[in-house]
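The next part holds the structures, each set out as structure tokens.
In the two assemblies presented below, subunit A is common to both, partnered first by subunit B and then by subunit C.
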Partner chain A sequence: MNNIPLLKINNLTVTYPLNSEGSDVLKALDNISLNVNSGQIIGIVGESGAGKSTIGKAILGLLDPPAKIVSGEITLTDTAMIGLSESQYESFRGNQIGYIYQNPMTALNPVLKIGEQVIEAILANTAMTGKEAYNYAIQLLERADVSFAKDRLQKYPHQLSGGLCQRIVFAIAIAAKPKLIIADEPTTALDVTVQSSVLQTLIKLSQEEDIAIILITHDIGVVSETCDYVYVLRNGKHIEQGETVQVLEKPTQEYTRSLMASVPLIEKRLHRFALPNEDKMEGMTSHLGYLEEERKENLYLNKTILKVTNISKIFYTSSTLFKRKEAFKAVKNVSFSVNRGETVGIVGESGSGKSTIGRMILGLEDITEGSIIYNGRDLKSITSPEDRLAHCLSIQCIFQDPYSSLNPRMTAGENITYGLKVHKLIDSKNAKSLAQDLMTLVGLQRHDADKLPHAFSGGERQRIGIARALGYRPDFIFCDEPTSALDVSVQANLLNLLKDLQEQFSLTLLFVSHDLAVIRQMCDQVIVMKDGEALENGSNDSIFEHPKHLYTKSLLKAMPKFKGIAKQVGFNDSK
Partner chain B sequence: MIDYKKKLATLSIEIKSIFSGHPIAIAGLIGFIVFVLTALLAPWIAPQNPYDLMILDIMDGLLPPLSKLGNGTTSWLGTDALGRDILSAVMYGLRLSLFVAFVAVSIGTTIGVFLGLLAATKGGWVESVIMRAVDLKVSFPGILLALMLLAVFGTGVDKIIYALIIGVWASKARLTRSSALSEMQKEYIDAAKISGIPNWRIMLKFLLPNSIAPVLVMVPMALSGAIGAEATLSFLGVGVPITEPSLGLLIANGNDYLLSGKWWISIFPGVVLVSLVLCINVVADRIREHNNPYLKSMDKQ
Partner chain C sequence: MINFILKRLWHSGILAITMSLIVFFGMYVVGDPVEMLSDDEFTEQDKIDLAIELGLDKPLYEQYFTFTGDMLQGDFGTSFVYNRPVLDLIIERLPATLEISLLAMVIGLSIGIPLGIFSGIKNNSRASKIISFFTTVGYSTPNFWQAIILIMVFAVFLQWLPASGRGLTNSMFGVEWSLLSIDGLRHMALPAVNLAIYKICMQQRLAKSGTQEILYQEYMTYARAKGISRYRIIRRHLLRNILIPIVTITGLEVGGLIAFSTVTESIFSWPGIGKLLLDSIHMIDRPVVVAYLILITLMFVFINFVVDVMYAILDPRIRHQK
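== the complex of A and B ==
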């Protein structure tokens, strides 16, 4: 490696105007400096709003107006990149700098065959033509670890999996032999088993082709597996930089330390995340009474709260004039049981049927076969409206997407108490104070109850969702990937909150996630699912330490390893 | 409790953000407000009551603009064959046209939105029946359908309102259904369902406020369409009764005299009709553009 950096960014500042006069600005990037040497993989890590993607876009001159570069310089080898005309930028994009997008499915053109898209990139950026370009395309695909490269060229993007599509995006990116590739969250849209092999390809490309890679990601695990050097950003400001091992395991800054402490570990189970400045809950008074009074008397009657026996779910595509309806088996013969006060995790990749099970328990989907017995009663046998309602209210759900799980036209408080008012569980005079109490219970401010959902961040909205579920005094909460849309530090706070609430109100949780580490930290019992089947079922430790099924082993192997900084900050170990 | 003052303030900010920097849209809005005020105040500001046949003097018939009437007053826009002052007739005609259009569009939109929500939430045969009815309605040219209805049921202000309602509801139902269907995919609807909130409440309190925006944007368009349709029907003689002329009927009245040099009878109501529809369309376009950022950026390029 030579001493002159391939890419040099000096004191870069990018601003967004906050009002039409431009007097008030948001600094998306504040005085950022960065060096990339050829063949090096550097990681840019940060939570949402940190300005990670802005760096990538600024390098390529792709900042969307009204964002603009206020000061600083970007130098690629010896060319100053700021202030170039659009056509000058064109000669850099693709040619010298490749770009890899987060979602491969939308980065490829759905109506063109893979071959046409790869060859188009070759024709545009190299002197090759015809047969030569075709052969080069096959070669590129092989270099990006695409098997059966010749056949794949004849396929359309929708016929290939997300991982393969991302490899094809890699192939297109390296077509012109660029010196630098900017990869913006390249594996975020992919399943974990695919993610690790795609990252391997990325590392291989960097080494074999001597390409420098800027890897923009929120995932500490991905960074620890791939990057040589890391920059940590927060709110557009530079926090810390250094060798990956150094930054991840011995961070010097407070923020980096708390970020690393938030990453759920897979190695061992902790009692709770040790967060340096976790907000303490204050002012919880009256709501406790509300939540605890009239607890169902059969609370400790039977140990098993939920028993699922051989359930299956078949979805049918609707029949049309030209096509008979087709059956799709989303869940196949799954059985498990959940004990009171326990947390059971269902882990699986997308399409494994894990959410469908929850939707059947909640009564949102019909059960095709098998039985679900909740609190000693078969769900199918509940017919009278009163029983139905009681059942409804004792099983609640925390949803995946905080941006769509609240009614945007109701205030936070109304969202929480609307159902309670409808069922006359509280009168409307007390509704507001109850909403405020529930909000403090989940760590929000009392006066926030009057705000509309759009005024809250994703993590806060998720807290409102939890408050709404708690309002019904449930025994059982189905958590459908409650933290997958959140930043890692927000996730840690939320998981801690869930653990506390579970303890306080003796809740039973059924926790669905694709993230093994989250499951590891949250659950007592784990069910591993794939393609609708439950492959393995066992206690947390037995699954994670002595996996039996081949698929579980491959899942665990694929997880990015991040050992954490447990020693440095003194975790509370598992009790 | 709802803070009306605050709501009003946000509404005025919203209106400002829609219209500021768009002089043509502002002109359209002002024009529309002037027309509505004229229509509302017509009985007090019109020089004569054109519906009162007792005060009409046949001797004043067919006078050109700015001529003196028998009773000494000036007829600014001339008179028609019966001696009716065109200015007053236009004011009253505007009143009737706007009334018919407002009533028809509000009832038609309400019915359409309700049926659209019903189709989206119920699904199954309810949805099939409603949506096939929409298809059926849309497959006829609107004006032909209205003509057929009026031919069967006879004419009159109420009949023309029914005919216009039938023209309005279908597109609103279709739009509401599609926007409600995409809203129903969201998790807050599931959250409401698992909390045992009854379906009709989910429909009114959750789906309606969140899926109505695109329909409201269409309302001004529907209004100008309804005004045009009413004028067409009245012009064809199947609309409002001849004693209570709307703008369309006034144009039809003057039609016979157009070739004999008595241009003012048709032209003035025509100009008012065209500018009214134009004003509404300009405002409607602006609102639509404001609600669709994609159109906005297309505009800039």
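== the complex of A and C ==
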């Protein structure tokens, strides 16, 4: 690796106007400086809103109004890159700097063939034409580890998997042998199983061509495995920079330290996340009368709260102009049981059928075959409205997307108590104070109950979702990827909250996630699923330390390894 | 696929029957054809003879079954007024309407879509606001008023273009077309523009809203990041995507133009089927009206089918739907 300076960013400030006059602005980037040498891999780390993507777009002149570069310089070798015309930028884009988007499924145009999208980049950025460009496209795809390269050119993006599409995007990025590639969360949208191999392809390609990479990511594991040098950003401000090992293991700044502590580890299971600045929940027990009454009585009646035996689920697609009706088996013959007070995790890629199982347990989907026995009662025998209500009260759900699971026209408080009021479990007078109690219970302010959902951040909304579920005094909560839409530090806080609540109310949790590390930290028992089948089922330690099934092993192997900051143990001991 | 076509045929059959029922009995309520066809000199006996000749003496349901029975055998009946087969009348008039409709649609698409894309991309520019102002006006003023203004300006004051008739026609495939001569084209200009104004405005609005939606998709930014030229991005990445909603509306609009250009055809005395329909309603020429409307119904069904196929061609996601 040579150390010729390639890209230099000096004191870059980018603003977005917050009002129409532009007097009040949001600084998406505040005085950021950054250097990239040729062949180097630079990581930019931060949570959402840190301004990571803004840097990438600023370099390529892709920032659209109202975003404005207020001050600073961007220099690529010797060329100033700010204030160029669109056609001047065109000669840099693709040619000198390649760009990789977070989600290949939205970055590739859905109505154009892969071939056209690869070849147009070749035609635009190299001197090749016609047959030569076509052959080069095949060659590029092969180099990006795309199998059946020639056939793939005839396909449309939706016919290929996310991983393949991202490899195709890589092929496009290296087409003109640029000096620099900006990779904006290149693996975030992909399934865990393919993330590491896709990332390796990118690293391999860049080394072959001696291309420098700016890797923008929130995933500390990815950074620790790939980057030479790291910049940590928060709210557009520079926090810390340095050699990767230095920053990740011995961070000097408080923020970096808490960020590192939030990363769920896969090596060992902690009781809670050791967050330095976590707010303690205090003075709340006074509000819990409602939640604790009644629930004591039938506790410990039977040890097994849920028994799932050989369940299957078949979905039918509706027939369309070009396709007949088809059967699709989402869940195949899955059995497991859950003990009271336990947390059981289901882990698997998208489409593995993990959410479908939860929906069947909740009674939202019919069971095609097999039986689910909850609290000693077969779900199929629940037909009367009373039984159904009792089942709903006992089992609640926390949804994946906190943005769509709350009614935007109701206040947070109304969202929490609406169902209770419908079932006449509480009158309107008490509803408000209960909502406020629940809000404090999940770590929000009492008076926030009157705000509408859009006034809350993603993590806060998810807390409201938890409060809503708790309002029914459930015994069992189905958590469907509750933190996958959240930032890592928010995720850590929320997982801690779930653990605390579980202890307090002896809840049973069924926890669905694609994130192995989260499952590792949360669950007592783990079920590994793929294509609707349960491949392996066992205790947390046995699955993570002695996996038996090949797929589980490959999953664990694919996880980016991050060992945590050096002082991790210290934090833990102090608890 | 075959399933789908059969389903469409079944639907169109039901539609055609419903349409024929409504129109047939509706026309009966409007007035008595015998009264319309007879003049002052007709005696009562003449009128009865005429009614017998036209088959109007029989009970209405019997008339309906005779009419539909004949139609199923390809005989659309005979016009009361012209005393000629209805199908001949329609086919004779159809080319005039077809050529004027298609010309109007071509003008509408080729001006409306580029204007729409332009104003979608330059959303906040003055030019875009001016365009949107004019299309709103064009969309909301009545068609006949626009026609009168066109005639006043181009035919009366400037005297550039003729205001009525079909002009010189030339024969192709045994049919007379105005499209093939300069004089014919000059005669087509005003009615075609009159029909096109609406289409331009509609296409501009469709293309504009489509553009603004597609413009902020990630693949548009990514295409720029790949170093693709602006022109190509608009032509391939943008246009292909905004065409999907445009095709739906355009399909219906083509049908509407062919079937219901009545007002424009009357004002410019364009001898198309729109004018035939209007005259036939006036004269209570029931066979013409019923046959015409049934044919139009079938045409709409066919256009919708074409639109569905176009959809699949434009959007591969529909083609490969699982």
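In this text, the second predicted complex is superposed on the first by the 553 of 575 C-alpha atoms of A that agree within 3 Å, B and C clash if a C-alpha of one lies under 4 Å from a C-alpha of the other, contacts with A are read in each partner's own complex, and residues count from 1 in each chain.
The rule is short, and it goes like this: a residue touches a chain if its C-beta (ideal position, glycine included) is under 8 Å from a C-beta of that chain, and two chains touch if they have at least 3 such contacts.
Bear in mind the structure is a predicted one, so any value in this text is a computation, not a measurement.
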Touched partner set for A:397, first subunit B, second subunit C, both or neither: first
Touched partner set for A:405, first subunit B, second subunit C, both or neither: first
Touched partner set for A:506, first subunit B, second subunit C, both or neither: neither
Partner chain(s) touched by A:484 [first = subunit B, second = subunit C, both, neither]: neither
Contacts of A:312 with subunit B and subunit C, given as first, second, both or neither: neither
Touch count on subunit A, higher of subunit B and subunit C: C
Set intersection of subunit A contacts, subunit C complex versus subunit B complex: none
Footprint of subunit C on subunit A - complex, ascending: 60, 62, 86-87, 90-95, 99, 101, 103, 106-112, 116, 120-121, 124-125, 156, 158-159, 172, 176, 317, 319-323, 326
Subunit B-facing residues of subunit A, complex: 362-364, 388-389, 392-393, 395-397, 399-401, 404-410, 415, 418-419, 422-423, 465, 468, 472
Subunit A partner contacts - residues on subunit C that touch it in the complex: 1, 3-4, 217-219, 221-230, 232, 236-237, 240-241, 244, 308, 312, 314-322
Complex contacts: residues of subunit B adjacent to subunit A: 186-188, 190-198, 201, 205-206, 209-210
